[in-house]
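Both complexes below contain chain A, partnered by chain B and then by chain C.
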Partner chain A sequence: MPASPETPLLQARGLTKRFGSFAALSDVDFVLEPGEVRGLVGSNGAGKSTLVKILTGAHAPSKGQVFLRGTPLPAGAPLEMLEAGIACIYQHSSLVPSLPVLDNVFLGRQPTRRLGFIDRRTQRERAERLIAEHGIEVDLGALVGNLSTVKQKEVEILKALALNARIILMDEPTAWLSRSEVTKLHRTIRRLKSQDVGVLYISHVLDEVFQVCDSVMIMRDGRVVWNGLVSEIERQRLVDLMVGEKLGAASRAATHQERKPGGTGEVRLSCKDLTRRNLFTGVSFDLHAGEILCVAGLIGAKRSELVHSIFGSDRFDSGTLELNGAPIRIHAPGGAIASGLGLVPEDRHRDGLFLAHSVAENLSMVALNKVSRLGLLRRAEMNGAASRQIERLGIVPQDASRIVGRLSGGNQQKVMIGKWLEAEPKILILDEPTVGVDVGAKAEIYTILRRLRDQGTAVLVISSDIEEVMTLSDRIAVMVSGRILSIHDAGTITQDELVARIGGAA
Partner chain B sequence: MARLRRLPNLPLALFFVALYVAFSLLSPRFNNATNIENILSGYSFMAILAIGESLPILTRGIDLSVGSTVALGGMILFDLSMILGLPGYIAVPAAILATTLAGVVNGLLITRLRLQPFVATLATLAAYRGSVYAISGRQLYPELGTKAIRDPWLLGVETYFDVGGATHLDRLFGFPFIPLSFFMMLAVLVATQIVLSRTRFGLDLKTVGGNPEAARLAGIRVDRTIVAAYALSGFCAGLAAVILVARMTTSTEALGTGMELTAISAAVIGGVSLQGGVGSASGPALGAFLLGVILIGLTLAGFSQYVQQIITGTILIGAVWYDRVLSQRRRRVAERLQGGEHASIA
Partner chain C sequence: MRILIGNASLDPRRFLAAYALPIALVLVAASFAVAQPAFLSVGNLTGIVHRVTTTGIMAIGMTFVIMTGGIDLSVGPVMALSGLVAYFALQAPGLPTGAAVLAGLLAGMLVGAINGLAISFLRLPPIIVTLGMLSIVRGVALTLGGPELHQINGQPSYTFIGTGFLLGLPFSIWIFAAVALVMIFVQVKTTFSLQIATIGDNERAAYLSGRRVRLVKAMSYVLCSLTAAAAGIIESSQVYTASATFGEFGTELDVIAAVVLGGTSLLGGRGSVARTLVGVLFLGVVNNGLNILNVPIDVQLIVKGAIIVIALAFSERVAARNQT
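Right, the complex of A and B next:
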């Protein structure tokens, strides 16, 4: 228990981290009290990850110190930080899918008897006690790989609690969760609060910060630019502080754009009764030139499966596709690209980018025929194409030879979109284009998509982010459990109505 | 459901029985005591190799060098016994120690030099085989090549037990003599199964293979776990070498050539996922005997050696494909569960 009422649970004083001459973090102070949920927001590259890495002991600060109940903690010592009770839930799962929940909860620190035999009974008793204490419902015998994403996050929380964590850092915990799952996770966080656990909540989704956090800390360029109670700050001011006045204005402007339902009126792509057994049924819609059609729905509504079928990277069982009024059959992505389709897939690390290759190589990947002759690549044209897209998309740094894996999330996403722009598709499909992308980069991506639309490209966007759907779309298709429930002109539906429809209300 | 999970190899076991029955019907010489004895003595060492091989595969690696490691163990036994005249109770432990060290070298190449397991063990496959030629007592003293090892401690491994006679079961049907190597295999199987299912080390192996990053973040000593997996694979190769040398009463430079393919096949057939993190000890053992039944069955049914190799390759392709299907099904189950949850909310 606290040494004195004034001693904070966790305190950072003057944390500074320099990489060479670059200061990733300068002079950061903050406190975290027991039972406090503190939001941490900032653009990509603002220093959030560096701060987290110092708190988990992955980095040692160049200056400054972290105190736990007044006692200084060792710098750059991951195991000591864990033992001191600071746990972190990373964006990417740190569970083993092929093992049961019980083994995952005690990963690496199972209670053992002599000769390294696992003490199953103690392990189970301790897990059951934790579950009862924190009211987290989960089947200890289930394989983690068979659990839903939100359950997996709860297992990670349980794993942190098994370490007696008094402080839990959550790095983008909701990046892959659907709306109802987010609500569940927030319920769990509130329960942690009542158990006097301190939570540092990092998120790009500002709504969540306002929903679940008590206080918020805004970082920009390695500094804390604002620190205080959530009730004391307005959403717009928060955005301005995060991204700076200029980008803030841009993001504001991005939300107030004229809508063009139906685009030019010319039907580019028409799906008629597309069906894939066990996935989606009777999907019909028209996509017009010069409009942005958003397919809204929950994760698991089979929207990604639908667009992969359209793009030819997967198949469908029945139904027809029409391109510019003529029926076509697409058997492979190559055929789709030749017909003028482009697809920016959901998971950029897995499906979209060659992380170890340069920006230039990634950008020319789908338009190789434009930069090669007789099967030989022409470097000059490749670099020309690259600098064209870097300019057009505002990729930072403006360096075509930069390895893509080193770029921030927002810039990686721009590279993904850019490689399709080089192929000049007539129809561009984007699957969750702004997951893990900060507010500033989001606004830029919206602007890019709008510009495309205005040039007459038909844009199909899958998004689980309601706000994004409301901001970006000219028309909205609601997809629930593999069916298109309804299609709306974006101006005629309110956010609340949309949420209700997505939830399956007729 | 829970009870079925405890029998992960149920389909494999059923397939095994079906195949056994089929061969029995196909050839009158298949289901008799002599043939069962042949299968047991001919494939127990392979089951040991397969169990050993499954440990590196569990960590998402692979050990291609086991065949060469067997040869290394065999030749060291030969040299110690024939050239130095050392008794078996020294030569056998020394040979097994050497193959275990060969496994440690594999592990160090992978963890210290950060080599891909495939590349590291492909290199040592060649290097260990070369070492066998370099230390070969048959080359140094050609006259030894025609002599048999007579050490009783070593030859004692090639013993058969008349279990049928002792239990009087042979009065009911023709009961095979059980080779000692079969009991050695059972001991390795039981020990490995216990390690995998009940100990920290076993869980660490699965964790390292299942999610290396999670293992590192959980403070598991990933490198040490990997080295231990390859060391144990080497240890099993040593045991196999002892069994083989005891049977042949000599060793050759070519001992164990190509055995890595059979061992890997048996492990994969036995449900050890090449994606890491999933596997048991009984599966690979069953896989080895399944291959044995197929090969001996085909021989008795009159198929040529080459056809048998084609069939082994085909079975391996089938098993890898099945492994992929299984992991895809696991993913689909997860997605369906997610979908179900949304449906319940709606």
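Right, the complex of A and C next:
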């Protein structure tokens, strides 16, 4: 069928995907026009990933079909989808860090001369033409591993363009980017738009959807529940549609809570002049029982490095750490835990979870002594504790024997937090506790943290999400380039002031 | 059930995947029995278990090492070393047999401790450390015992270990059974084993959860060498001989093959002693059946290799499916 002006670039009709009796996707229709940036939002488990997998050919739909300019595309054929011009950029990089940009862009599809030798000249010429056409600034000779995260995303986009991609799917492309990097990425997306590329933009960060998308579709329970122009929907209405009315109300309630700067007034943890060469310098602050102290800052402000040093999984060069007024030396996480500290790390897959183990096993790994006697596991107690934690955190499905690798991202995050709740720490540090978590689960995590605070736990949260900092904190510490710039009682600083300070303004 | 299948549900495909090995074992045994009824005689069946005793005991220890994501290539020479140490201890006048056995076991544990320390605390790759140790321990054994065979004479309580009978069964089978039962219990019930498995799953997460990762990993190597030392003592007492050449090259491959056949991933994570034992029996039955059918040894080696590769391919596919 020839492409007429009415034929959409990409069209999905009646896409349905069943896994056994469970429908991950039911009857999904949508179109994507050239030069359109279409947002796709929904809670974890709403079916977004399944839809992406069908569009990339990783899954074949149980029913329905995908059309490119009116021509049906084969089902479940990854190579054909790529050749048809559908490329996908995932949350985690799929580049080879040890190779230069140029080789990454053409990886697996290098132009060759006779005998299979790579034609480096043609390769470079083609890359340079693409760079000029799309205005992407990147050094083709640089090793990908040395590039910033946002540059790596641009390399992935370049790679997609080198395949003549006309449609680019972006799955949480900004999860690991700082604010200014997000702006850069959005600039690149607008340029793609002007080149008539169609973009499907999946994100939990609703602000971004409103900033960069023309249209948006909202998915819930495998169905498209709303589809239209971004200008036609209010933010709160979008949240309600995403998570359902009830959770939407809960999330609204969670954002308006009384604040308790200084907590009970009892200083639990005191950092005095902590310094680690080339990372952070002269970091001093007090953390009180019964308060949530958020450390705000940009990615790269060395906040994770700081908390790992406090927790004993890394070291510091000078300074002292005081616990309840007494100096303490911590050499390993085991010692920190014995002293009543807990750390929920940033990257749940790399640092937090045992993906091949069950929910119950994951939940018991910190407080192992609570579910064992003399080195013998008590499975009954383990499962009992797990069931209580599943109930308390609202982990879905309510199955303690479920393998954690099979849970959705939000539920994995809850398991990782639950593992620490089991240990009942006096001081809980959380590093980016809601990255890649949907609005509903986010509100639930906030509620959990407030409950902990109200029980007298000292809570330290690292967050790059300004909204989260404004919502959650009793006090806010601003960290810039390895230094604590200032500490504020929440409520005495506006969001705009905070943004300015994080950016390094005096 | 849990021992064998962990979290498998009643989905028929998963059920089949979880029970593929025991089913294959029954099928192979049945076909040998049809081809040669003598296969099913009590004497032959006991013989199969008797022959896999040393490999089986070592495979139990190796399961824990492989669950951490490691490997131990040095088990063969440890067999030789422990037999020799026990032999020399037996020469000391007045020393009870138990003390000689203990000396042999301790020698093995020392090797394991060195492996464990180098791997855990110096963070050296297990394959390199234990490959080096394979050569070092063989060298130490040769230094200690020289190239000759040392007859173990007049030590009835020592040779009873490998040649005695209890309630109509070889005593070494009782030892094997006892080790197996104790270690199944350890693997299913202890925090040690759960820590081993979670370290194999995600070592950094285990460390950040406050687990003493290095100590636990080192202990897995001590345990593995301990089982190798026990196997060495059983072997030397079975043949009334200690020699630096026992546990020849290929021993470690048989042991690792049994573990992998039992479905423990070489990448670490989950594993099961009970399944390893089924793997041991499977290899033992195939070996025995091919012997009974007079299949020449060269063909047997090819068959064994093919089984290992096919089983590995199968188990990796199952693992990949379970990940998604």
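By definition in this document, the second predicted complex is superposed on the first by the 504 of 506 C-alpha atoms of A that agree within 3 Å, B and C clash if a C-alpha of one lies under 4 Å from a C-alpha of the other, contacts with A are read in each partner's own complex, and residues count from 1 in each chain.
Keep in mind that, in the parts below, contacts are C-beta pairs under 8 Å (C-beta built on N, C-alpha and C of every residue); 3 or more make two chains touch, one makes a residue touch a chain.
In this text the structure is predicted, and so the values were computed from the model without any measurement.
Residue contacts after overlaying the shared chain place A:I403 against chain C, while chain B stays out of touching range. In the superposition on chain A, A:S93 contacts chain B only, with no contact to chain C. By the document's definition of touching, of the two partners only chain B reaches A:G141; chain C does not. When the two complexes are overlaid on their common chain A, residue A:A301 makes contact with chain B while staying clear of chain C. Of the two partner chains placed around the shared chain by superposition, chain C is the only one that A:L355 touches, whereas chain B remains out of contact. Of the two partners chain B and chain C, it is B that touches the larger number of chain A residues. Look at A:L169: by the touch rule set out above, it reaches neither chain B nor chain C. Looking at chain A, you'll find no residue that touches chain B in one structure and chain C in the other.
Chain B meets chain A in the complex at residues 2, 198-201, 203-204, 206-207, 210-211, 213-215, 217-220, 273, 277-278, 330-331, 333-335, 337-339, 341-343, 345-346.
Contact residues on chain A toward chain C in their complex (touch as defined above): 311, 313, 332-334, 336-338, 343, 345, 350-358, 361, 365-366, 368, 372, 375-377, 401, 403, 405, 419. Chain A meets chain B in the complex at residues 78-79, 82, 90, 92-99, 103, 107-110, 112, 115-118, 120, 141, 143, 145-149, 178, 180, 298-302, 480-481, 503-505. Considering their complex, residues 7, 189-192, 194-195, 197-198, 201-202, 204-212, 269-270, 322-323 of chain C touch chain A.
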